[in-house]
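Worksheet: one structure, shown below.
Labels run A, B, C and D following the written order; every chain starts at residue 1.
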Amino acid sequence: MLTCTDLTVGYGSTPILRDIDLHVDEGEVVGVIGKNGVGKTTLMKSLVGLLDPTDGSIEYDGTDITDLPTDERAKAGIGYIPQSRDVFPDLTVRQNLLVGETVNEDVEELLYDTVYEYFPILEERADQAAGSMSGGEQQMLAIGRALVGNPDLLLLDEPSEGIQPSIVQQIQRDIPEISDDLGMTVLFVEQNLGVIQAMSERCYAIERGTIVDELGSSDLTDDTLAQFLAV
Amino acid sequence: MVNGINLFFQFLDSFGFIVLAAIGLAVIFGMMGVINLAHGELIMIGAYGTTLVANAGAPLVLAMAAGVLAAAVAGLIIERTIVKRLYHRPLDSMVATWALGLALTQVVRIIFGNSLSGIGLPFGAIRFGAFSYSMYRTVLSVVALALLVGAYLVFTRTEFGIRARATIQDADTARAMGVDTDRMYTSTFVIGCALAGLTGALYAPALSIVPGMGSTFLVEAFVAVVTGGTSVLLGTTLAAGVLGSADALFTNLYGTFIGQVAMLILAILILRFLPTGLSGALEDLRERIGGEN
Amino acid sequence: MSLNLGSTLGITVAIPVAVAVATVVAFVLGYFMFYGRVTGVFVAIITLVTTVVMQTFMAQTAGSEWAIGDVKLGGFNGMPGIPNVALGVEGVSISFRGMTFYWLVLVLLVVTYLGARALVNGRFGYAMVGVREDEDRIEMLGYDVRRVKLTVFTLGGAISGLSGVLYASWGNYIDPSVFTLTFATLPVIWVTVGGRESLLGAVLATVALEWFRQQLSITGSEFALVVVGLLLLFIVLVVPDGIVPYVHEKGLGAYRKYTGTDDDRPAGTPQEEIAE
Amino acid sequence: MSDRLVSRRGFLSSSAVLAGTALAGCSGGSASSDDTIKIGVLEDRSGNFALVGDPKHKASMLAIEEINNNGGIDGKQIETFSPDPQSDNQRYQELASRAIREEEVDALWAGYSSATREAIRPTIDRNEQLYFYTTQYEGGVCDKYTFAVGPTARQQLGIVLPYLREEFGPDIYTIAADYNFGQLSADWVKVLANENDANVLGEEFIPLSETDFSSTINNIQEADPDFVMSMLVGANHTSFYEQKASAGLEVPIGTSTAMAQGYEHRRIDPPAMANIYAGVNYMEEVPTDSNTQDGGFVDRYFEKYPDAPYLNEEAETNYFSTYMYKEAVEQAGTVEQPEVIDALESGISLGSERAPEAPEGETIELDGATHHVDHHMWVMRADDQHNVEAVENRKIPEQFLSETVGCDLREEVETTQYTPVDYFEEAQ
């Protein structure tokens, strides 16, 4: 589904990511773990095309998308949930979801029903300005916005960051379920141990801009993970 | 002495003029953060298009459509070749559009000479007792209001408008949602230019058609955009209402000069005491009232 | 300003007074804007609007009721008979005209340039660069962004006031066209062309552009304004940082290549960015 | 940056000499070689005033070409220095300075607006440069080096106001551009109303930037005058005529500004200019032989400039003043400016045996004392098809400086502009 080969990204001459090799199969839920500042968000941004790699390639669904513009990647079926949610604050909830409709242009049916089923609050608050909702609600909206277009691949950037625990619980329960239901592939970056354990089938550990280890589902113990995370 | 009917018609005139002067500029500035100093020249292009086509014998409405089209095409070319490269450099975009306006005015002068023969004002007059008013200019204020409502609906009710606003608020995220933000910018800029063209088209029968005619609109346009504040369309409406009232009232009482001065002084006061402009102040007020309930 | 004070001593006194008036006006306007938390392009628009308001007002002052002392403001026709710049007291004085005026302006330019350069290279220069690069961060470092901006703006007003004195006495005349949009935009153009972050660039670009514009107008060609417009567009699009930094960089690059030395200074130190 | 910058007329202010500044100056002799005469023509061909400035430039060029083709002035061909000041006063200041110091022109024609004239007059006076200002203007400039040869407000209003007073009645409403020209013209309306037993019911000054005249139209309707005097100026104010027509205001309008300069009757759709009476010394339609006959002024102008839109009032002034200069140089026998000024002050008239007729009338005279021209004035009326006909004409001398002020530049060197406020009670 998604393959990165020798991916190198940087500002100026200092690379932030070096030689990233990574692979996600269709239907998998894969995590990328690491401490603050190791390059997790940079990885996500280069996968959606907001940052241009200086070297290496990204292959998605059998085609090379390294040079594809961001919006074309979305239309090809990559849904993205940015790190700090980044909902459009002055648009209403409903309008935010509408913007997400352009994700995955191959899909005929939009997933409003599914979104409202998992996150009923989005239907209740349809006409509220997104900027006036709480962090957790905004996270649900960001997820809903990426979901309505029924993407084939969902990229999640630290879904648990700055959100009340009950909603984190809900998200870590819902995402794998949605992935199962829809056959959706998920790649997420995270440093919350609980979320990683709850969601990943396997994960990559990243340190100072490069992948240092790959952990199977049996390796996701507190002790193993702790060496890669700031716990 | 204040005559109520006179005052009303003068207010309509003022309101229409301010709205039409500002709306194209407001859309481009408010949605894209670009200060388009070639705004006046786009108005001029709209007026020239209209006048040339009308002088060739076409009906006025068709001529106006041609004027709008001319400005829109000019806008498209300007966006693709110049403004596109300057989205992250607002000051440079000011310099570039100023330079463009300078060149455009002179190019039009070289091609079409120092003036075009005008087209008469249609519709005739409305009479109340000893007083009469140009029907056409009264119609313009209605058109201005309709434009505001139309633009409001486009930017809040249509998919295009919502995507355009999403692009303005967070271009990266919008792009990641599959929005072709380049096209949104282009479309928004072209719409702004088309609106400027429409202003030129509508005022073509009422003004002298000369290459520098666009500058007539600049003061009102900028003052309205600045005092209107963050929320573009609401801001333009409020600014035109408030400034138009001041202009009409003081013009009526003390003459045109005092009318203009009153309008400008009011604008300065608004800027000082309402840093977010009229629309920002209204939103704050609404929030405060909402908060108490 | 200097018209009311006819004597040489009067003119000598009028110059600092005129500069002070400009400084105070800049201070008040700056205070309104920066302490009203006006930011970004709104500052640009407000200054533009201010100048246009001044133009509208001054152009209407044709009536005899508009006068300061015995001097009529003169409306659109402006104020003729502005005396030459003169220094000294009655009997012992210098009046500047023709070449002497030229030398006076040149000396003032050099002094202003050196002063500005000293300023940007000093501690305050770092604060200014900080404000330009990242307001939030410099604020967290304990600088008062509003005060830095207001100081710079007021200083700019003072320098503008001086140039206004020189301009008016150069032509012995001043009229409201100095408040037009064109007049207000020109300095922005000069600075953009020269390089916004370069003091020397601003000076060189001003001289070069004005010379070029004047030459074009002497040709009497109808294409003069088109050429000026297209030239500016070209510069903004192709040399975004301005010509002087561009040439400097290219020149430096060529020099380094030639001598084989590497640039090991960190890029973007304040002195280099502002004061080249 | 050496001697070249300082002209032979380089006039050093006394204090500069006091300062001991060594300026090489007063070299004497003209830069143009002895067998040519150099004339500076600074007229706007771009910018705001191009509409009125361009015909001025063209007419100067026509006169110069004619003179050169007929053997020049005393056998000398005329060279020109004719940049485009782009309607920009700063540009005018630079170019006037350059014309005087570097080009060393023997005579200078420059500028449309009063503001431009005032901007360059300090430079003119300092360098004692012979200068022709050819626009119709508010009047009152008494300046040793300036020949303000266009008609003054008093001359223009002086023909049209009495005519309208007779035709329509005594009640006048004045609308004027809110700057010096408009204010002073409005003062002249009051003076002339007083002289002609008429009353000014009201007056209104309108900013040059204004394009909305609805309140003005209402004010006129409220005052209900017998006729309106309009001294509106510029492209923005042109919309008044369209708007008053559209609002159905049908009162007769007298003007010193519309039609003759910016040819509104050709540019605006009829019948907006119907019943407008212009007091002018010239417009293309003036029915004199030298103007309209075959091979007359109009023919010659459009033969040289077939695409020109109109031949306006100022163009004629540029044209005949070039001939006046020719007369003066030939009379003086030199291009040295003090001598030429003396010759001009001796009273040059066109239409005498040696000179051609002036297109505005058979003979016109330059008044040596005031440097103004006793013009042949016309009242021109537009009908509802915008055809223009002459309804009145007579010779009107410059009166203000000669009779009221008593300016005599042959006796006393001055560089003053006088205003009616100081001389007429009713203007205050």
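In the analysis below, a residue touches a chain if its C-beta (ideal position, glycine included) is under 8 Å from a C-beta of that chain, and two chains touch if they have at least 3 such contacts.
What you see is a predicted model; the values in this text were computed from it and never measured.
Engineer: Comparing chain centres built from Cα atoms against the global Cα centre, which chain wins on proximity?
Structural biologist: B
Engineer: So, what's the distance in Å between the C-alpha centres of subunit C and subunit A?
Structural biologist: Taking the mean C-alpha position of each chain, the two centres sit 51 Å apart.
Engineer: Roughly how far is subunit C from subunit D, going centre to centre by Cα mean, in whole Å?
Structural biologist: 36
Engineer: Taking the mean of the C-alpha atoms as each chain's centre, how many Å separate subunit A from subunit D?
Structural biologist: 76
Engineer: Give the residues of subunit C that touch two or more other chains, as numbers and ranges in rising order.
Structural biologist: Correct list: 56, 60, 222, 224-225.
Engineer: Could you check subunit A for residues that touch two or more other chains and list them?
Structural biologist: none
Engineer: Subunit D: which residues touch two or more other chains?
Structural biologist: Counting only residues that touch two or more other chains, subunit D contributes 46, 178, 205, 207, 209.
Engineer: I'd like to see which chains touch which, written out pair by pair.
Structural biologist: Pairs satisfying the touch definition: A-B, B-C, B-D, C-D.
Engineer: If you look only at subunit D, which of its residues touch subunit C in the complex?
Structural biologist: Spelled out, the residues of subunit D in touch with subunit C are 1, 5-6, 10, 12-13, 15-16, 18-19, 21, 23, 45-46, 82-86, 88-91, 93-95, 98, 113-115, 118-119, 121-123, 126, 178-183, 205, 207-209, 421.
Engineer: Which stretch or stretches of subunit C touch subunit B in the complex?
Structural biologist: Those residues of subunit C that touch subunit B are 32, 36-38, 40-42, 44-46, 48-50, 52-53, 56-57, 60, 181, 185, 188-189, 192, 196, 222-226, 228-233, 236-237, 240.
Engineer: Applying the document's contact rule, which stretches of subunit A touch subunit B when the two form their complex?
Structural biologist: Touch residues, subunit A against subunit B: 48-50, 69-71, 74-75, 80, 82, 86, 88-91, 95-96, 98-105, 145-146, 149.
Engineer: Quick check on the complex: what are the subunit B residues that touch subunit A?
Structural biologist: Its residues touching subunit A are 159, 162-163, 165-166, 169-170, 172-181.
Engineer: In their complex, what parts of subunit D are in touch with subunit B?
Structural biologist: 46-48, 50-51, 54, 178, 204-207, 209-212, 214-218, 221-222, 224, 235-236, 238-239, 242-243, 245-249, 262, 266-270, 272, 307, 309
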